[in-house]
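We just call them A, B and C in the order they show up, numbering each chain from 1.
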Amino acid sequence: MAKFGPKRQGPRSDIPAKLGRTHRQEHLNLTTTHNGHHRPPPRPPRRPYPPSLIPTHPKHPLRLGPGLRHVPPSSILPTVAGQLIVNPHKTSMWIESNGGRYTPSPSDLVIGRVLRSAADLYYVSLSPYTPPASLPHLAFESATKKTRPQLAPGALVYARVSLANRHMDPELECVSPSTGKADGLGPLTGGMVFDVSPGFARRLLLARSRDEGGVEVLELLGAEGVAFETAVGRNGRVWVGSESVKAVVVVGRALKETDEGRLGGEEQRRLVKRLVREMR
Amino acid sequence: MSATTAPEAALSVLPRADGSAKYSYAGYTVTASVNGPIEAQRKDEHAQEAYVDVIVRPAAGVGGTRERHLESLLQSSLSQLILVKNFPRMLIQVVLQVEAVPDNDYENTKLVQASLNFPIIPALLQTAVLGLLSAVVPMRATATSTVAAVVFQDGAKRVVVDPSPKELAAARSVHVLAFTSHDELILAESEGDFSVKEWDDVYDAAAKICCQSGAGNADTAMDLDGPVNAGPDMRQFLNSTLEAKVAADLYWK
Amino acid sequence: MPREAEPSLNEKQFVLQALKEDVRLDGRDLDQYRPLELTFGDQHGVAEVTLGKTKVLVKTSAEVTVPYPDRPLDGIFTIATELSPMTAPSFEVNRPTETEVLLARLLEKTVRRSGALDTESLCLVAGQKVWSVRVDVHVLSHDGNLTDAACFAVVASLRHFRKPDTSMEGGVLTVYTPAEREPVPLSWLHSPFCISWSFYGDMGEIAVLDATWVEEQVRVGSCTISLNRHGEICQIAKLGGTPVEAVALLQCTSVALAKAKELSGLLDTKLAEDAKRRDKGGLLAELSAENDR
């Protein structure tokens, strides 16, 4: 959950910004570094990568991110079209790409829609036409049988994926299991969600989305005096809340147009100027 | 005829599908939408792997047994390409909408019962592969495909790659071959009378088109004994299409 | 069957709240269409219409067949509307949904029953040979307002279509291939367009044109008006939903007429552009002139 604009009060002002950031790094697992990683040309799925490309470390095991598969004994093959990113400091490599359907993976932050409530859990939809994820009634901050939040079908929740594997339906939680705090997770009231591409959601979730992800619109709109807050789900959904309907629409349009139009920094600045002018 | 034009493709043309592609070559235009992994119906659910559902829809008229046959051919090829074990109990749905087939100016076609057949398979398979890549579905390999006909002309046998409707009508046999990006043969369908030697020649010609990455030389036909060189370089085409997609996706880097 | 996608409560409430304040999610006015694009294929009778994120492809084809025994003088004209899983995974082949049935019915009433195509002109030999014209509607992408997009595409496709030329000599019917004689256009009488309104609010007092998928999910009623540019109304479909004031409906109709005129103008321009593109160097015209006797 991130807040923008001059007004800093609201239902979620109690969340320290720092905590939000830790989530993001946790869930990405593989963070880009700006120095020392190789960028070979993109290639479609074909041959194993040469061993010279694969980072090695005497202690840490190699970590493979999305888009790669390991064929024993030692071949690493790409499975999707994208750019190979190798991070020698973390002995990790993955394929950076955009598009497709969201596949849950542990510690991802997601925005889900409650489908129905069962005896002790909610069924939550993360994307249309996929099997529902389960969210236990007690997986909220200081929730007991009596104080748990009552969520109607159709309500939105901001949650973390606690369990995901190919053989089971995903499980969600709205509370940190170690601290017992919500850390900004929980039901989302009011506002509007906008669908963006999964790659754009990832850019928004980067620790420094402006420098690393190249998304400036949110900061620019905040600087223009538009007050709003956002929550970004890795499943390609962005929740925007504000007291003003127009502000929500402007933020949503800025996000969608930046994503779909593949806008660069200068174009984003122009877009924000135009939208703010239209709003007033 | 139209075989001399280069193949064209556009990725992610349908905004509401997980992945999509539009491909046109040699008079065929096909649009594919790919959705998945999504929840499978109970009857299609497999405990260990994803079910790949292929639906082929003709441009005009109602589909029939021919379309079902094409679907089953494509389904078995695509199931081998997709890493289906990654998504147990799920469904990956590929819908292929035929938009145009080559015109034959010398014949009036019957259209109420659509009759898609053999020579459209390469276009369908190519579009499906592009759609799957656009949907970022993990795959073991990509595939390239082509169609070749053996025709008798002036007493000599010739292998014609990407035959025109007229050449098809006159062909002794028609062959569709598809190769993975590891140069493995993944689909081979033949129709008509042919000898093993003819099939070998067809195989060589098709492998040339599908498996060679480099500067291709467009030349529609060749002699069986002459230098073998024909058709577009399909793998080169696939690579350049994907490079363009990746560059567009990661423009912000 | 995978269950249909549905917007969340927050989305529903927000869209309604915004519409009450005259605001739409994409910044449009309430009576404004999304950008409408029309492209014709290489073959005659192929039209693709893009309305925002809604995309419809229509192909017209024709063949000679036997007429229905009860209508020996009329050609056969069918519009096939089948929604495939391409539209959305919740649509299944051979299992029509309500959306599909309503779309088919509206197109049928608007184009076929309004006599836009002169079916008598499709008759070749009374009681024996007639043209059967078939229109296939393929919905490639569905982001609301399928009706208007599909109707526009159907009309565009039919007006763009050319059927093979024929001749009758001494009781022998000859159907010429495109190589022998230039195909001829259909006998077209008028061009109807569908204009769909969606209503919001307790009394249906907010009327919105060209609703997106989310907007369609929260509307309390809808009304499709089919009319041509002369203001001749072919049909009005107000299927259930909240009742709407008669005066408001009249207001909707007059706006619809303005929109129909716009659509008609756009279609004429596009058809003229396409004809010009095809007639490069006048070679085709020359060839057909030679054959014309």
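Simple rule for what comes next: a residue touches a chain if its C-beta (ideal position, glycine included) is under 8 Å from a C-beta of that chain, and two chains touch if they have at least 3 such contacts.
Since this is a predicted model, take the numbers as computed values, not measurements.
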Joint neighbours (chain B and chain C) are A
Would you mind checking which chain's C-alpha centre is most distant from the centre of chain B? A
Could you quickly compare A-B and A-C and let me know which has more C-beta contacts? A-B
For chain B paired with chain C, centre-to-centre distance based on mean C-alpha positions, whole Å: 31
Centroid spacing, where centroids are CA-atom means, of chain A and chain B in whole angstrom: 36
Would you mind pulling out the distance in Å between where the CA atoms of chain A average out and where those of chain C do? 40
List, in ascending order, every residue of chain A touching at least 2 other chains. 129
Give me the residues of chain C that touch two or more other chains. 2, 89
Counting only residues that touch at least 2 other chains, which ones in chain B make the list? 15, 35, 38-39
In the complex, chain C residues that touch chain A: 2-3, 5-15, 17-18, 21, 23-27, 89-90
In the complex with chain B, residue positions of chain C that touch it: 1-2, 41-43, 46, 53, 55, 57, 59-63, 65, 80, 84-86, 88-89, 93, 132, 134, 136, 138, 140-143, 164, 175, 177-179
Residues of chain B touching chain C in the complex: 14-17, 29, 31, 33, 35, 38-39, 41, 53, 55, 57, 59-62, 93, 95, 97, 99-100, 103, 105-112
Within their complex, state which residues of chain A touch chain B. 41-47, 67, 69, 79-83, 96-101, 103, 129-131, 166-167, 199, 203, 213-215, 260, 262, 264
Mind pulling up the chain B residues that touch chain A in the complex? 12, 15, 18-19, 35-39, 83, 86-89, 133-142, 181-182, 238-239, 242-243, 245-253
